[in-house]
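So that you can tell them apart, the chains are marked A, B and C in the order they are listed, and the count of residues begins at 1 in each.
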Amino acid sequence: MPATPSSALEGGAPRLLTLTTDFGLQDPYVGIMKSRIALRAPQLRVIDLTHAITPYYPEEAGYWLSCARGQFPAGTVHVAVVDPGVGSERALALLGSAGQWFLAPDNGLLGLLAAADPDAMSYRLEADALAALGIAAHSSTFHGRDILAPLGAELASGRVRPEQLGTPHPVLPGCLAWARPEGEALRGQIAVIDRYGNALTTISAQQVSQCTNPAVQLAGQTLRLVRTYAEAAKGECVALVNSQSMLELAQRQGSAAQALKLRPTQPVYLLYAHPPLDRVEREPK
Amino acid sequence: MPATPSSALEGGAPRLLTLTTDFGLQDPYVGIMKSRIALRAPQLRVIDLTHAITPYYPEEAGYWLSCARGQFPAGTVHVAVVDPGVGSERALALLGSAGQWFLAPDNGLLGLLAAADPDAMSYRLEADALAALGIAAHSSTFHGRDILAPLGAELASGRVRPEQLGTPHPVLPGCLAWARPEGEALRGQIAVIDRYGNALTTISAQQVSQCTNPAVQLAGQTLRLVRTYAEAAKGECVALVNSQSMLELAQRQGSAAQALKLRPTQPVYLLYAHPPLDRVEREPK
Amino acid sequence: MPATPSSALEGGAPRLLTLTTDFGLQDPYVGIMKSRIALRAPQLRVIDLTHAITPYYPEEAGYWLSCARGQFPAGTVHVAVVDPGVGSERALALLGSAGQWFLAPDNGLLGLLAAADPDAMSYRLEADALAALGIAAHSSTFHGRDILAPLGAELASGRVRPEQLGTPHPVLPGCLAWARPEGEALRGQIAVIDRYGNALTTISAQQVSQCTNPAVQLAGQTLRLVRTYAEAAKGECVALVNSQSMLELAQRQGSAAQALKLRPTQPVYLLYAHPPLDRVEREPK
């Protein structure tokens, strides 16, 4: 999992709040959340991480937050809304880790973040505690606007303490897990297919660095590990450590996801030691 | 029409200005408008509502603003630019309603907002008054940058009063109207098809709540009213009150717009009383 | 080339930094750059110009910056990241022109900006100088995050002087050039195809105004010059000066790029004097 070298903001600097949703940018829902935030914490700086999370796949938001958190200072509040169960009995959760706060539905979204930090604290939000802050669900389908946006603003501005908001409670794990040993390999998963068709995995740079002669195996294929795209032949599918310090599968001048028929959550194996593999030229599909 | 529970900003808080356009995000036009705003009011907070309004359909911007205004504090300035007639003789207008200001071409965009508030004040902007502020059209095609952005900044910063900018003048009504009684029904319209294929109408939650046993009729079909998506059968098209407090037509696990061949401005009828309708399972197209 | 009527910000106003990339908005990379900026300069105002630059076409970013710079105040820092050569030996460059700063890979992106201003100063960034600011490449593929974002923040906040960052060095020219005389015509190029299929050229309004009876020629076709879209017949392809004060090729109610099979970098000729051309009605393809 990615490291978290948090830095302090300059004295008197505005706090940061990030937004990660599956709302897209066509409709005005993101702007409406920002108004709710501005009403309660006008000095807060709001940064969009992405609003293009795959609907029904909250774990994707958690994965991106795990990658990005190292770039944000202590005190940052991250609000994530991928909420297919809104209106049902799913809870809302707050996770504190390394001085940053993560607010989201408790539907697997926070699983990777919790698993990355044994010292993380998590809380299940309680309606009574929210009501004391004047926060309540005015709709059955838009808790991002009604609850998470104003609550994120309150947290970031330091006016409430997490323990006021609910009781300690572990978060749900979700369908992604950080890579773990399994026989002669580490077993990870594909977490995200990015817009270039690269597949980002749950295997970290640190885990890769502990192998002496690693190779990557998935769905009957073996890929060699390279340091940069430029080392791959045209059309070749390879594995490399990306800018997020995670293992990524890529095809030079093509889409690895198409070439290898990859899908999120699919297992990926990092073999600890493997005979060297040849560079193979082939046409991208 | 949606309610407007405006709230005051904290003392000394930055004012808000929202942007709603059909510019998209591919080209840098939105960023250029933001520079013009920052030049005149650097402390102003700018919130993007949406830049994906359907070109040639300014009423869509007015509908979203009607939905969103309740989330913004008094003093907020909303700048909307959907302007197929730029360069022609169409006027620019300013509408004040419930302590918020709306700046837009007078092409129907402001019609719903004016109709929602009998106390709204509207002005037709005059070139002389703008020139006194150093604001003039430097191009015949980008009045959003040349006029509306700097004027919005001046208004939001409180340096000009609306009555300085032009003479009182009613705004043009446009092709959408809030639902009105017509025989044994309320006659509304489809205002927006969202990215999921849901159809948002001009019938408000309040109007729905005044019916004893309502049903929705359009194009020869009758839809039952449900409280949440989960009450609908798979593939069933239903009507429900959405998070914007408006009546919406939706298909469970599908696109109501496709299934029912819906288009913006099409009439929708809310029958005041109707025999109960059965839940009907069917495959989405 | 567009004029640059820079204006000063109000006293004590936050400085501006713009971002122009080919990252898109699907993945969180833009948000991660903004965090790096906020860490070093929390009061800085960040404006997105566009994140939809064509990959492998850095000159497109330079063209948009040339168009937009006139709207930004002195002191603004523009960070542009279109970086197919990241990880190779390409340098990073800083260009100062008319009181604004442009930071980008030295791959042609800055060529138009340098050519527009004979007084521009440019520097090649040096790793030692960056290291003294605590700035270094932590990845081989994301110098936007690791170097350009934090460096842009330092420059905008006035804590470093450009001459501290490297040695004077001319920037690479790239594949676009401002229009120049060639026989009985000015020879320019198509720089950008916008989302409507209009083609923006490197011929400026000022150059057009110096011709007595100009026409536009490209690929065996001659287009007449009009003042507004409305003067064109339906389906007719014409040339006009656009809101960016540049010559643009457009088809009324259609896509000039499709109708004329236009592509970026293609030459376009402005004939100084030409017999008048008739308005021609035809169906858009």
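Assorted remarks:
Please note the rule applied: a residue touches a chain if its C-beta (ideal position, glycine included) is under 8 Å from a C-beta of that chain, and two chains touch if they have at least 3 such contacts.
In this text the structure is predicted, and so the values were computed from the model without any measurement.
Summary of the copy comparison: rotating chain A onto chain C for the best CA superposition needs 120 degrees, to the nearest 5. Where chain B touches chain C, under half of the residue numbers in use are shared by the two copies, so each contributes mostly different positions.
One inter-chain figure worth recording: chain B and chain C are separated by 33 Å, centre to centre, where each centre is the mean of the chain's CA atoms. Along chain A, residues 25 each make contact with two or more other chains.
Per the touch definition, chain C reaches chain B in the complex via residues 7, 9-10, 13-14, 16, 18, 20, 25, 45, 47-52, 64, 67-68, 71-73, 76, 194-195, 227-230, 242-243, 245.
Interface of chain A with chain B (complex): residues 24-28, 30-32, 34-36, 38-39, 42-43, 87-88, 139-142, 145.
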